[in-house]
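Comments concern the structure below.
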Amino acid sequence: MSSGRENYREDVAGRANVEDTPELLAYYDELEALEAGALWTVANKIEPWEPQSSSVPMIWRYRDLREHVLRSVELVTPEKAGRRVIYLNNPGRREFAAAVGWLYSGLQVMHPGEAASAHRHSASALRFIMEGSGAYTIVDGHKMTLNANDFVLTPNGTWHEHGVEESGSPCIWQDGLDIPLVNTLEANFYEVHPDLRQAVGFAVDDMTKTWGNPGLTPGGGAWDKGYSPLYKYEWERTYEALKRYADATDGSPYDGVMMEYINPVTSGPVMQTIGASMQMLRPGEKTKAHRHTGSYLYQVAKGKGYSIIGGKRLDWQERDIFCVPSWAWHEHANLSDSDDACLFCFNDLPVMRSLGLYREEALADNGGHQPQD
Amino acid sequence: MSSGRENYREDVAGRANVEDTPELLAYYDELEALEAGALWTVANKIEPWEPQSSSVPMIWRYRDLREHVLRSVELVTPEKAGRRVIYLNNPGRREFAAAVGWLYSGLQVMHPGEAASAHRHSASALRFIMEGSGAYTIVDGHKMTLNANDFVLTPNGTWHEHGVEESGSPCIWQDGLDIPLVNTLEANFYEVHPDLRQAVGFAVDDMTKTWGNPGLTPGGGAWDKGYSPLYKYEWERTYEALKRYADATDGSPYDGVMMEYINPVTSGPVMQTIGASMQMLRPGEKTKAHRHTGSYLYQVAKGKGYSIIGGKRLDWQERDIFCVPSWAWHEHANLSDSDDACLFCFNDLPVMRSLGLYREEALADNGGHQPQD
Amino acid sequence: MSSGRENYREDVAGRANVEDTPELLAYYDELEALEAGALWTVANKIEPWEPQSSSVPMIWRYRDLREHVLRSVELVTPEKAGRRVIYLNNPGRREFAAAVGWLYSGLQVMHPGEAASAHRHSASALRFIMEGSGAYTIVDGHKMTLNANDFVLTPNGTWHEHGVEESGSPCIWQDGLDIPLVNTLEANFYEVHPDLRQAVGFAVDDMTKTWGNPGLTPGGGAWDKGYSPLYKYEWERTYEALKRYADATDGSPYDGVMMEYINPVTSGPVMQTIGASMQMLRPGEKTKAHRHTGSYLYQVAKGKGYSIIGGKRLDWQERDIFCVPSWAWHEHANLSDSDDACLFCFNDLPVMRSLGLYREEALADNGGHQPQD
Amino acid sequence: MSSGRENYREDVAGRANVEDTPELLAYYDELEALEAGALWTVANKIEPWEPQSSSVPMIWRYRDLREHVLRSVELVTPEKAGRRVIYLNNPGRREFAAAVGWLYSGLQVMHPGEAASAHRHSASALRFIMEGSGAYTIVDGHKMTLNANDFVLTPNGTWHEHGVEESGSPCIWQDGLDIPLVNTLEANFYEVHPDLRQAVGFAVDDMTKTWGNPGLTPGGGAWDKGYSPLYKYEWERTYEALKRYADATDGSPYDGVMMEYINPVTSGPVMQTIGASMQMLRPGEKTKAHRHTGSYLYQVAKGKGYSIIGGKRLDWQERDIFCVPSWAWHEHANLSDSDDACLFCFNDLPVMRSLGLYREEALADNGGHQPQD
């Protein structure tokens, strides 16, 4: 019987399996008039056996995007555009302007002497610097200088603005935000700074100098915000940490030598909605496949290789960006036998963990490797 | 110029305001081919000034629903239906089967001697008992007896099943779940119990007897799960608590005498994704309006009155269910001068809090009361 | 060779075993002149194989103490005495005025109409009510009415005072404090209230009515002090809790049906330095022996029986007080076959736990029972 | 009347002030026979207005101690002595073998090729390296190489042993332990390793390489022990941290540029009973006086200057050790106008904080400086 109504039946004990009848269809109409419905018609749809992400595995190659990003400088001013950003659209998530899951990402460009106006919002943001010199970010009055592969936070509710010094060169960085998530949770607020510019109230890079020291905290230092006081994580120290850790660990079979960026006060994620990590694939390293809940967006910080994601091989090199959707199998390989490769990743892992929704699984079959399409 | 492309312009400093030109439209086409877009065309849309919920203020009256719920007993068996539930559709959230925001709710009915099969899922669930005697729930081998206005948890990942004793009467309860949230976060897993039934492995109501004592914990008791070990909150004790607290407090101007159900081990929410509260409006009490982020679904546990939500007056009496969408103004009134009224509420407040997204505001104008439509 | 110097030798590999020689003795003199010493002469003394408490197992019988406590009323006024208290001296701890370990305890008496002056100190205190009606305590402006077996806190740094209403009867209660500990840690401060009396600023018993409800917290309630906001734990509810818990548990082999009084906000101890528990020995119950670090002082709240502590049998009845020193074997027995017996205990368990020093051990031999002296 | 009994009277409202009478003295005798006493005779003694430490401000000069420490090599073998250590006796704390308060400290010497046997205890320990090369410590199978000013932990309950490589030079380090505290809390246990030696099971310095990286944790790293997994804090990185932090802070008026060594997982103290810090006094810096509860033992890691402690000036240079007793006023001065001075300190601050006993006060008079004796 074709009724035009949804009815997701499964012939499995414990699952809904009710056939449409004229009586039931009439009943469904009555329920609809009361803004109600019969659960058994949709139960199997809304209680799936396991997640099936609407995002697709995807890579954005820097060689394709870079010229378009640079061209935006000629096309729009920062004043009119707000920020000159080319954002990434996952084919399955276009309606949310999301690169994967509920995460937004874009590439922003600024020329020497330019600055974007200060504002704040409930969404949390990060930057990962791709190229250029002289870039800076100001967060709640703390100014930070930025170089390639530096990772910087502009957390939920902080005033922030970016610019490039007159003495610098054109700069491009990746923005990462939870805008889609905060919007869909109906909790996003936006405010333009009353002066459009912040005053810098502290020594440059003071937060990194104060909070970015191993095993030491500032005497009497107190910090109880929901995000890291270490606003900037410098590449030089991060890379040194990876190399030190590589001396002490066998690494993860799925991720090689992997470290999580943390809030040094809590040892938890850098922000309440966005986590980040940097991992090193040693020369020739090929990892095994696993999968987990949460959405992940990678940028290649160093080296070249490939990842197999959901059975699809994506070859990457420095500055390329690719995603792993929730519950998609994935494994990584470094194609160089002499150099390490480093992958920066930001994700919604803190959301998965805070809400008790994190789950992971190793691929048992085929020596831990996916068959490829 | 009409291009068919989105372009959300605002003539405000710090916001995007770029006019479409043929050159830009061509550029946008090129970006689209790269699975990318220009942020300034959508920035004002994805960064709204404040939340505008897609849910509408809504009431489901028990006198309308009850007969339909009871009728489902004649129409479907528990075996075929899985569970015999009529769920609530917010007009703005039908595609997600949500009653408000990302929260699902339904009314489930069972007859004496019936039982539903055991299963578990990543979604978290609660029940609030509406009528009937002899109902029980089993959670991970702990059996609980249920009476009107009792509140019971079946948390994320626990095996659970429900039934009504042969000696009981037809029972109706409200189910509340975060199914829409867990689905949209792409983290839902579902499993049918291998035996379709659990063995009861503990004294009946043992968790309430063990963990539900004021200011006392079981000696040597340890609990580190993400949810409350106090699976059942009995109405008699809850109502007594409200009356005791009413003796000691002036109450909240927005909520009267309000208490939150908690995990006694952490003093935090009962589950990681769903919070719940019970509030008493004293005879004649009329609260002032405020608003906050998060989605809220109320059931009238006792009494009669009305709430004004988003400027719309909704009159309610015992067993009616109504919602407050995110950031909607709301205020409550008890229409009796002699009896108190009690409102049960479940919500996604723990999500708002864990993710740093909770915000609230009191209505300043008009003596704190909304103008009504 | 007899040198008059300490030298604790043990003939065990890894322990110090250095014989005194004239050369060494001369060397020790030189060290002494520099305010230094040779570790190997004292190492075996200061690094014992296991704790040997300086406290002795001890019982103070109420039938002996009561008349002396009452007689103090004739002998001194509250004004001159500060507080009219007979304190308990453990024979091994007289120099510290301690009943066991670093815990002080005394019996305080007040007549109707009397009141003691308000003060505060770094030491934490508790009361356990023994007899009489009309007693009250005021803590930081919160007044509490007290009855037999009620347990009340006057934590570290809070203004407190006690009295008995004109309409009451002579009252006796047990005081418990960590005065010896706080003194030996050189951290005790004392202050007399500038007005000698506090104003009562809240509804009587408001803290118990607000925070003493199972599974519920006051809406918007916030509490971040180091001690419980539930200043008073009422006997009626405590005894009911024990009976409920007894229905749900087999109990501990060492302690019967035991519950810990907690700070409801943290589920941790009631104060940072003092913990407390109430345990029920079911009719005829005889527990097995175990031992643990920490010092424990018991008061018999109900019933009669005996405890074997460090091999010594101590028979007790209602209101008797006895102690278990650190690392002493102990086991308890209820001598009634029809009635339960209840033991109140306060201790320094929170100190042991906070400092990582808690350790426990069950007696393996002899069916878990101590041989008696 | 001279009775021979204690009676601490004060003529202050709210304090005990009871004159001895024949009747009272007889009463006191009766109480004594019951192992009891009258509180009012000792109340003013056991409830002092503020702490008066039994420790005295004290300095141990390395030029005095060093030769004695080295001479012990000729006098005793490690096998017979257990460890070759000269410990520091505070004149007020000799009975506890304590350098200040409840803290023990000693100087240990080892020659190349020597090793001490492995053991463990409930007391927590640390080392601060003073001179020599080739020293190592093994903690639970993790081997660490040690150089001057390195700070290393051997926490409560861990197997540990020390030695100097054959290729090294004679090494001296400072031991710091809470032995007196753990003894007085009657919670100390001691165990010799069954093999007298541990097997090394990890890469050398693996814990520092894994956990000692700023703002980064090992992926999937979990650590829930009560002490820091970062067993060794290297001087080079610590000094670099101080210099970085000095660029970002004005420093503390009482302590100059001060950082606390922390457990990187919790941001709390390195062990549950012992905290540690390193502070830099900038060239010519003279701090103001303050005081706080807790006991503090300093070693001069670099430079020369003086401290005024309890009104007494103590001049110090590199490797000298001095103490600040609880609640003693103290201030520090760097006597060089060109070089910084660095003070290492270990203390019982974690005990003060965990137990709610920390209190501090700035000196208001005399521009914040103490009058000197």
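To keep things simple, chains are lettered A, B, C and D as they appear, and every chain counts its residues starting from 1.
Keep this in mind: a residue touches a chain if its C-beta (ideal position, glycine included) is under 8 Å from a C-beta of that chain, and two chains touch if they have at least 3 such contacts.
The chain list, named the UniProt way, goes like this: A, B, C, D = Cupin domain-containing protein.
Quantities reported herein were computed from a predicted structural model and do not represent experimental measurements.
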*Going chain by chain, each one touching the next, work out the least steps from chain B to chain D.*
2
*asked:* Looking only at C-beta pairs that count as contacts, which pair of chains has more of them, A-D or C-D?
replied: C-D
_chain A and chain D: spacing of chain centres that average the CA atoms, whole Å_ = 45
*Between chain C and chain D, what's the gap in Å when you average each chain's C-alpha atoms?*
29
*asked:* Touching pairs of chains, all of them, please.
replied: A-B, A-D, B-C, C-D
_Under the definition above, what is the set of chain D residues touching chain C in their complex?_
12-18, 23-24, 27, 30-32, 34-40, 42-43, 46-54, 58, 60, 64-65, 68, 71-72, 75-76, 80-91, 97, 101-102, 104, 106, 117-119, 121-124, 156-157, 179-180, 182-193, 196, 226-227, 271-273, 293-295, 325-327, 348, 351-352, 354-359
_Complex interface listing, chain C residues touching chain B_ = 202-203, 205-207, 209-220, 228, 230, 233, 237-238, 240-241, 244-245, 247-249, 252, 255, 258-262, 264-267, 277-279
